[in-house]
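Labels run A, B and C following the written order; every chain starts at residue 1.
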């Protein structure tokens, strides 16, 4: 019997809907990919998950819209809060969802260290290329030339490639997709949450802010989506379309996929050593 | 007996804080209440170090004093630091090898450093000084021995204590 | 059991006795010994020790751990305490039980890392932006480091609040005799009776709302933004904000009887009265003895809780006294509240000294009191 209800509703807080996102915001696609991933894996409810987010539009994806235990933390501090939750109760599946400003700017130190430790967390960074919630200022991922409220003559800084940065650490999994690669995106989420269950797993979703990036550039959401597809180049075939920088091309794909012991595996063997009374190496 | 106090003044590397901690432990083992503190710059080696112990049959009301019953002065730098702080003492034991200046008050002077070297105890002048304090009756020798029993080089430390006790006996 | 412990060791022992099972911190003098002990002891007893990448990560990690059910703490000193302030504010807003130990050193900035000071008094009170108050306990001895750390956990759990233990380098590195009780009872936070009981509101402001555990289907919404009884953000309305902030404020202030603790001597008959806390209070006790021996009627109020601060004992001391002296290892912060208590009716003078590991000696305090009384 076909259900009268949308499948995603069981993962959402009905009383919080509709979402507060702008019309055409790609956060909806991210929510959809999350919900599809859970649905396809047969997850009934999200009671064993804890979603942790920081400040910004992406941080609102779990809080309050998802029906899950969620901690909406200080700006930049989602990672350390998530670390505390995971280490204090390793039985919980801890997922961080936040933006490029939150994770890549003010919280970058925490992100890199969690990756270095191969901390047992899944992190989804929705990269909308600006600070969307505060009216579109330049972020560390803003492409050169983009008009923002803090670069009214066009951004001139070198942007950061967070995936490449994290791929250099001990993180187990690093991938980047866009909302235009919906199936890949969803499969990456499933991989992070259900196949690779340990270590640091990072997914970047390049999802330009519909209000402060796309509309300013005269693009409707559908056009922005098409542009994402056009600009994307698969990691395994580099140097295809335009090579002028991240603004012109978006390298998508899986940068890294390993299954090394995670932080907790290492911590548990350390604890074993401590209990046996061993001290110095 | 009221509150009594012992100051140990020296230079970084002489084990001033170690000696004060051992002294505090010995007094604690004697069943007394003690307060032990120190003042030094952890980030600078070779600077003056002051460490002190206040002890009593009752809880120590205040761990700070500028007038000590006994001062064990291991180095000129420690003496200068004590002078700069206007610290005073009733009695002082001074290592004449490493302290050049005149020390005020009732002073016992020993060539502690040279005697330690002769006895093969170089670097344990701090413990020799504790032995002197025991010999002068400020702390029980047996408890000092117990306090030092688990330390590194405990054998030498016990010999150093005895050397100190002998020195004190000579003075009496 | 009787042991010879430094204040820092006593803090760690108190935390372990109270059931602390999660420690996150970042190395900083003069608090690091607390971290060292937790690093050695926690993993062996089933707890978690985590060396964070900075103090901001440390405070936020213990917030996460506390929500995941742990009795969590951190310890730091001046510069690290500054970095933790935003996190402490978040813990106030989200009603997260935490214990934060600040072993004060001479500042501002890096100052003198190994030297004691009492300059974090106002930071402990007002370090966060916005309207908030956090209980601040002020030990004077290693014994109180133990006792007050235990008490800090009890308050944190009962009132769902961060609690600050304000120690200093003298106390932290001073070694004294500590009596450790065989068994320590610390209540645990209350869980909701059912799914319907709101985790962020309480009919009685003196009673903390229940704290739902994670992972059990409560679908708790924790946010540092203004929120309603069930955790939904309301960042616009007056009603929700005022109700929340008022309740958080009242939760601490209306529990004054439970939280405020002090010790006094000759408070109602002293010619000269001292108000002090922490290591400086030790010198006050001795200075009063010296003055009494010289026939001067002296007394003191020693604050064991700095906040919430009950001004009445200070006021009583001031009623009899011709002068109140407030000695501080710093330029004077506590004195501001003493002046507020005394309301200009008695002369209030500070005795201020800080740096180089110099204590305020009892003898100089006694001399100063005589000067103030016009007898010198």
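One rule holds for everything that comes next: contacts are C-beta pairs under 8 Å (C-beta built on N, C-alpha and C of every residue); 3 or more make two chains touch, one makes a residue touch a chain.
No experiment lies behind these values; they were computed from the predicted model shown.
K.L.:
What's the minimum number of touch steps needed to get from chain A to chain B?
P.N.:
Minimum step count, chain A to chain B: 2.
K.L.:
When the contacting C-beta pairs are counted for A-C and for B-C, which pair yields the higher total?
P.N.:
A-C
K.L.:
Counting in whole Å, what is the centre-to-centre distance of chain A and chain B, each centre being its mean C-alpha position?
P.N.:
Computed value for the inter-centroid distance: 62 Å.
K.L.:
So, what's the distance in Å between the C-alpha centres of chain C and chain A?
P.N.:
38
K.L.:
What whole-number Å value describes the gap between the mean CA coordinates of chain B and chain C?
P.N.:
Their C-alpha centroids are separated by 35 Å.
K.L.:
Provide the residue numbers of chain A that touch chain C in the complex, in ascending order.
P.N.:
Its residues touching chain C are 13, 16, 45, 47-48, 50, 52, 63-64, 67-74, 77, 79-89, 91-92, 109-110, 113, 267, 270-271, 274-275.
K.L.:
Any idea which chain C residues touch chain A in the complex?
P.N.:
The touching residues are 21-22, 24, 43-44, 48, 50, 52-54, 56-58, 60-70, 72, 86-87, 90, 94, 214-225, 231-233.
K.L.:
Considering only the defined contacts, which chain B positions touch chain C in the complex?
P.N.:
Residues 21, 24-25, 28, 33-43, 59-67, 85 of chain B touch chain C in their complex.
K.L.:
If you look only at chain C, which of its residues touch chain B in the complex?
P.N.:
Touch residues, chain C against chain B: 4, 29, 113-114, 170, 173-177, 282-283, 285-286, 289, 356-364.
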